[in-house]
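Presented sequentially are two complexes of chain A, the first with chain B as partner and the second with chain C.
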Partner chain A sequence: MASLNEKVQDVFNEPACDKNQAKGEKERKKGCTKQLTPGAAAGGCAFDGAKIALQPITDVAHLVHGPIACEGNGWDNRGSKSSDSKLYRTGFTTDISELDVIYGGEKRLYKSIREIIEKYDPPAVFVYQTCVTALIGDDIEAVCKAATTKFCKPIIPINAPGFVGAKNLGNKLAGEALLEYVIGTQEPEFTTPYDINIIGEYNLAGELWQIKPLLDELGIRILSCISGDAKYKEVAYSHRAKAAMMVCSKAMINVARKMEERYNIPFFEGSFYGITDTSESLRQIAKLLVQQGASEELLSRTEKLIFREETRAWKGINRYRPKLQGKKVLLITGGVKSWSVVSALQEGGMEIVGTSVKKSTDEDKDKIKELMGEDAHMFDDMRPRDMYAMLKECRADIMLSGGRSQFVALKVKMPWLDINQERHHAYAGYVGMVELVKQIEQALYHPVWAQVRKPAPWEAELSDITEAKAA
Partner chain B sequence: MAVVNTNHKSCTVNPLKMSQPIGAALAFMGLNNCMPTLHGSQGCTSFGLVLFVRHFREMIPMQTTAMNEVNTILGGMDNIEQAIMNIWERTKPDVIGLASTGLTETKGDDVDAYIKLIRGKHPELAETVIIYASTPDYVGAFQDGWSKAAVRIIEETAVPCQVKQVNRVNVLPGSHLTPADIDEIREIIESFGLFAVFIPDISGSLDGHIPEDFTPTTLGGTTLVELRTMGAARATIAIGEQIHAAAIELEMKTGVPYTIFDRLTGLDANDNFLQFLSNLSGKPVALKYRRQRSQLQDAMLDAHFFTGGKKIAIGAEPDLLWSLGNFLTEMGCELSAVVTTTQSPLLEKIPAQEVLIGDLEDLEMRAKDCDLLITHSHGRQMAERLHLPFLRFGIPNFDRLGAAHKLSVGYRGTKELVFELANTFLAEDHEATPDSWRESFQEIGTELSSEAHSTCASNGSCSSCN
Partner chain C sequence: MSQSAEKVLDHFKLFREPEYEEMFAKKKAEFEYPVPNEALQHTIEWTKTEDYREKNFAREALTVNPAKACQPLGAVFAANGFEGTLPFVHGSQGCVAYYRSHFSRHFKEPTSCVSSSMTEDAAVFGGLNNMIDGLANSYSLYKPKMIAVSTTCMAEVIGDDLNAFIKTSKEKGSVPAEYDVPFAHTPAFVGSHITGYDNALHGVLKHFWDGKAGTVPPLVRKENDSINFIGGFDGYVVGNNREIKRIFKEFGINHTMLCDPSDAWDTPTDGEFRMYDGGTTLEDAANAIHAKATIAMQTISTEKTVKFIEEHGQEVIKLHHPVGVGATDEFIMELSRITGKAIPDSITLERGRLVDAIADSSAHIHGKKFALYGDPDTMLGLTAFLLELGAEPVTVLSTNGDKAWAEKVQALFDASPFGTNCKVYPKKDLWHMRSLLFTDPVDFLIGNTYGKYLDRDTKTPLIRIGFPIFDRHHKHRYPVWGYQGAMNVLVTILDKIFDEMDADTNGIGTTDYSFDIIR
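Let's look at the complex of A and B:
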């Protein structure tokens, strides 16, 4: 069994990532994420990343081995939707005490697994390692192995304690765990030439369900989505798919690439954000399936569907276009979303005055340049103070970002829209794009702006007086 | 009088509890121009930050020393130094509030010594107050973290003062009080011609106001000057048992005598509070509050029809539990299922059969026959499963707006709570149907007839047996 350190090195050596391969041996060892600056850092840890990547598997019990902080401070706070089991929303943690820290938490972990199996009988338990239990040397791999034998159920160790790195690394380590313990362990009842995997889609706000009807109509079956609205068995037999689409940029590239190596499942990187991107993704899926032996007529059926959906979507967007033309958008988000949303907004007639590329890979950045031109305003690490200034000086009309920075916009009384994982609206595919544009229009033209920007009567008088004096 | 138990399972399911460091961070958020910083991995801060952002719907200043695997083992001094210097350069705070986490406590970082060394190296930090609280994640809960930070704030900043401010009172609030609660208490105290300084004061920083300019640190709260003049006050009022230790510390350091109020929700509790303030100031209770008292009495009369005999399932931190639990009992409710997060001397005095230190799974198992669920937002899944009406109380409250403005202290706050409680039951009121009483009458009937039979067996001459 590879040590955690070896696994991290392995993840950092990603042949499918051009940028990674262009680096020298030494540079590659340092990994893709920059060293964090104490006192000036933001974002989640590797454990957070692993949990984000795997928690959408709905019928699994996700058990966090660590002190209460890791689960207690943040459970049930993601927008991944389920069409069936709600077990993934139950918070399980060993909540280790001071004594466990001294004597070791392995026994408590083992007993916890037993309690979960007795009470909830899930098809599998995922055990997440955290900093404290890693530091005291709890061997979760060994406990999981023993528990798997004892309870005749897959108990999967997810070894991505927070202090090994940032979220993105956690995503990848979670992927490694799936490759090592889950994928390829079960067989589907039947297969078709139209079976695909979607990798790195988390069904936030139910976005997968904005795409699924299209695939259903084309007769394409999502054999496994890793991991949005997935069941354990679906991930376990995902190796029988004919082709795969990798959605969340580089978050799970290792899963896609290794499945191609091991099981000959070709993949492409695509996005369901934006009309052109959605169409392109559908085309790619069809193309790969045909390449793998599906009937050629799939291509023409796909084109027909794309034509119909695009026409509908354009009609939908055109209604808002006059009001959105030339509006300036500041886009603050991580990795995947930056470039896929950029093209989507341009379709709505809006101008992107800047985008953050903090979590984006260099490949993402190249894509943004391609879309926005060479002089694209990319901010590597935009401080809240700078966002505030940018909005206050009206260099942008609206900010799209994650929940954490929303108040930067709201406090300067500027429109803001949530495009991160806690959002309530689904923005994928053709319908989602129309919804996004509609939401932006609603935000920009909401009646509150005029009201809250108006100074109080007494303050207005005061500023009149000062102005008069100045004159 | 309750029996206090701890659950005996290995796996916590659906946690009620949150960890100490973020409780400490919230206390630091009540200091003006402060940067709360967790000494741990970046995730420790990130989870807390997201939690507070969703609860308060405010920008939350919170930093991390960003410990990784290697520097955890080598010791976190370099990271603390870098964090302090970066924060100092970027935001020029008055106070940096440091709280340790499970990670750095397991390693055993001697943060007090680190800070001394860092101060020696960086004389430019002389004006910056650095307060460190030791708050391992694997001990205690949220309110313990708040409590420890409050003690440390006082240890670091309180000094005896020769010159007294005759009208000043210090108020030490517990973590269960919202910004709205603090504002209400301030108003009550001011009505006696006194002025109150809250330590810490989240009503200044987390009440959701719109500042004139961008502030990377806290937007308000207790100022350094106010902290250093705590010794000038004539009295200290502490609200909640969790703040008891801080009140003692303050009295020991400055000689300002303290009075503790275990709660400010309920008629009786507020009578005591206002009488105390009246005695302290030598002024009568203002008309406004006599009027409010009368309104509260009236509200209680109107509501008692609907609240009497109702069974409540409640999950809350000890001080909030004490406050709400007693109030509910005063409204005629019965505390049927009670779960809390951490030890407190108040627990055994709670008017319930049992108080369990446990999780929401424990509460769910005990709540089946209850009429109402009261806990933080994480109770939503359980409320849905058990079809229970649900009042959200405590942190986090992420699926409803206005958490910071939820008022439950004073006569006015109690009155609002009375209405909220009664309205919840009114909304759940079921219309009678022709069959409503059939079953229940049969049940009583069976009980009666079995009693009758047992009597018959003894004397053998009963008409009902024929």
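Let's look at the complex of A and C:
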């Protein structure tokens, strides 16, 4: 069994990632996420990354081995939806005490697993390692192995303690755990030439459900979605899919690549954000399936569906055009590819004044230039202070971003719309884009923004440029 | 029997026991001669239609479920806001029992109030003797500093003359000649509780300013730098008046709260019974004539008083129950203008925090439809705030709001894109509202406790803002004025929105895919 250190090195060396491949040997070893700067604000840890990547598997008991900090602050905090079991929303933790730190927490972990099996009888238990239990040397892999034998149930160790790195690394380590312990351990009842995997889709706000009807109509079966609205067995037999789509590329690319290597499942990177992207993804899925032996007529059926859905979506977006024409949008995104929504916003008559490229590849950047012109404002990793300054300077009408940046937008007196994981509306697929444009329209025309941009009436002389703009 | 001494079941549980269920069923089947269930359902459904609504709105004489109370209730409210003052209602004692229970149910505090207990003979021969005895008895029994007299309909119908009666009572030695007995005629068949408040407050001011019913020379106004504040009939008076006093303090403004029952309706439990507590001192009430200006927070609730004050040479700032950013801005800036004092930074910060809170939650109220009813000034304040929040106040109704009020509401609608589809209904009752909730459905209803029947009938969730609120406790402690007050109103509305969202998604295994901990 590979040590954690080896595994970290392994995921750092990702041949399917062009960014990674462009690096020198030494650089690659440092990993793909930037080293953290002590004292500077930072995002989630590897544990968090692993947890959010796997938590959407709905019928599994997710047990966090560690002190209350890790699960206590984080349980059930993502809007990934389930059509079936709600067990994934229950917070399980060993909640270790001082004595456990001194004497070791393995026994408590084992007992906790037993109690979960006795009380909940889930198809599997995922055990998450955390900093403290890793530091005191609790061997969760050994405990899980013993428990698996004892209870005749897969007890899966997810070895991604927070200190090994950032969230993105945790996503990958979670993927490694699936590859090592889950994928390929069960067989589906039957297979079809139209079985696909969708990897890196978390069904946030039920987005998968906006895509599924389209696939259903084409007769394409999602054999397994890793991990949105997934059941354990679906992930376990995902190796029987004919093709795969990688949705959030930087998070689980190792899973897609290794499944291609091991099980001959070709994959492509795609997105369900944006109309052209959704169409392109559907085309790719059809193409790969035909390549793998599905009937050729799938291609023409797919084109027909695309034509119908696109017409409907553009028409839907066009309705909002009169109120959105000329509005300036700033995109600050995390996992969602910026360019993939650009075309929808442009169709709504909006102008994109800037976009972040924090997680974008060179190819992404080229696409952005293609859509927005050579002088497109692209921004790399941005401190809130810079974001604030930029928002003021570039005078956008609205910012689309994740929840963490919302308060920057609000302080700079700008309407804001959540397009990350805590959003309440689903923006995927064709209908999703219409919904996004509708939400932008709503946000832009909320009367509070006029209020926000005006200083208190008695402070009129202190008004700044944003007020001049509002007027 | 399921009832036993060991475990006594209360009314929530007892009548669900089988023997009662059986008894009710039997009674219904054998004695009630009910209409067939289909006919009943048919009628229920019919009451939800446009056809029924038309007939409902064609009502000319009958009022069903009124959203107003009577004049003397307002008069008692006003009297209760003065130091050591006993509200004395000349008329029948039953009315007075209503006022006391009404206020006690809302404020969860006792309300001191007496009547002259007129009976049939008094109705025939006039209530003078009741006044003479009543004033004498209440003066010696309860030792008030002032007795504020108002009237019930009974005294008004027979035309008792308060001025003459009080004069005669003093001559007969009921109370000392120089003792303060302001009065107001407050017939319930005119206006509503807000009219009564107005008349009673006017009566007190007239008494002190205009020479105590001809017994002393009228006061001559010598302008000073003080500001009078009149809150009007206000169910949130405990929270509001304290908040307003805090704002005055932040500014450093000398002020007189004209009518301040915030302490009388919030006495501590410390072993001492306070029949009277706090309130505007009689000296302050008299000296209020010298103030630089008066702020009328609910002008429709104090029309007569406002006119009286203006006639005595004071500027009156006329507001309509300001709630929200814009309305509170106006209030704060008027304070600054009339006093010449700069707006304190602390207030500017509070304003910023309110705007921030509205922005943070903007998506959840935006586009939601509301129906609201209540006193006319309250409706103006809430309507403006809802429009500010991007909500649509589709139905705004008031039983005691008139045409002039409706025009003011319409002006608010006209000034906002969110007011396009909104309609105002003056002089309508809660049975009209019921029809409207069926034919023009909304997401939420805003009103007092009586709205709970509408909530149940029409499945429109009720947000309790108004007076009276009997079935929720202590709401009156939280201000709705000032930026902090608007924050409370915002939170009250949001709480209900999220409660509904949760209730709509909590089906185990059915809808709970959206039963989220983060909203």
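In this text, the second predicted complex is superposed on the first by the 417 of 471 C-alpha atoms of A that agree within 3 Å, B and C clash if a C-alpha of one lies under 4 Å from a C-alpha of the other, contacts with A are read in each partner's own complex, and residues count from 1 in each chain.
Everything that follows uses one rule, which is that a contact is a pair of C-beta atoms (placed from the backbone, for glycine too) under 8 Å apart; a residue touches a chain by one contact, two chains touch by 3 or more.
None of the values given here were measured: they were computed from a predicted structure.
Trainee: Is chain A touched at more residues by chain B or by chain C?
Mentor: Result: the larger residue contact count on chain A belongs to B.
Trainee: May I ask you to decide whether A:Trp458 touches chain B, chain C, both, or neither, giving the answer as first, second, both or neither?
Mentor: Touch partner of A:Trp458: chain C, not chain B.
Trainee: Have a look at where A:Glu176 lands relative to chain B and chain C in the superposition and call it first, second, both or neither.
Mentor: In the superposition, A:Glu176 touches no partner, neither chain B nor chain C.
Trainee: So, A:Gly206: does it touch chain B (first), chain C (second), both, or neither?
Mentor: Touch partner of A:Gly206: chain C, not chain B.
Trainee: Per the contact definition in the header, classify A:Ser82: touching chain B only (first), chain C only (second), both, or neither.
Mentor: In the superposed model, A:Ser82 contacts chain C only, not chain B.
Trainee: Considering only touches as defined above, state whether A:Cys131 meets chain B (first), chain C (second), both or neither.
Mentor: Once the two structures are laid over each other on A, A:Cys131 reaches chain B alone.
Trainee: Once the structures are superposed on A, label A:Leu63 by its partner contacts, choosing first (chain B), second (chain C), both or neither.
Mentor: A:Leu63 sits against chain B, while chain C stays out of touch.
Trainee: Applying the touch criterion given at the start, work out whether A:His446 contacts chain B, chain C, both or neither, answering first, second, both or neither.
Mentor: The second partner, chain C, only.
Trainee: With the two structures laid over each other on chain A, which partner does A:Asp195 touch: chain B (first), chain C (second), both, or neither?
Mentor: neither
Trainee: Find the residues of chain A that appear in the contact set with chain B and again in the contact set with chain C.
Mentor: 76-77, 86, 422
Trainee: Can you list the residues on chain A that touch chain C in the complex?
Mentor: Touching chain C from chain A are residues 76-77, 79, 81-83, 86, 206, 410, 422, 424, 442-443, 445-449, 451-452, 456-459.
Trainee: Inside the complex, what are the residues of chain B that reach chain A?
Mentor: Listed in rising order, the residues are 9-15, 17-19, 21-22, 37, 40-51, 53-54, 57-59, 63-69, 72-73, 79-80, 82-87, 90, 101-103, 106-107, 136-139, 141, 210-211, 214, 216, 378, 381, 398.
Trainee: Within the complex, which stretch of chain A touches chain B?
Mentor: Chain A reaches chain B through residues 36-48, 63, 66-77, 86, 89-98, 100-101, 108-109, 111-116, 119, 131-132, 135-136, 161-166, 383-385, 388-389, 392, 403-404, 407-408, 411, 413, 422.
Trainee: Which residues of chain C touch chain A once you look at their complex with the stated criterion?
Mentor: Within the complex, chain C contacts chain A at residues 325-326, 329, 332-333, 336, 343, 348, 351-352, 355-356, 358-360, 362-363, 366-367, 387-390, 416-418, 509, 512-514, 516-519.
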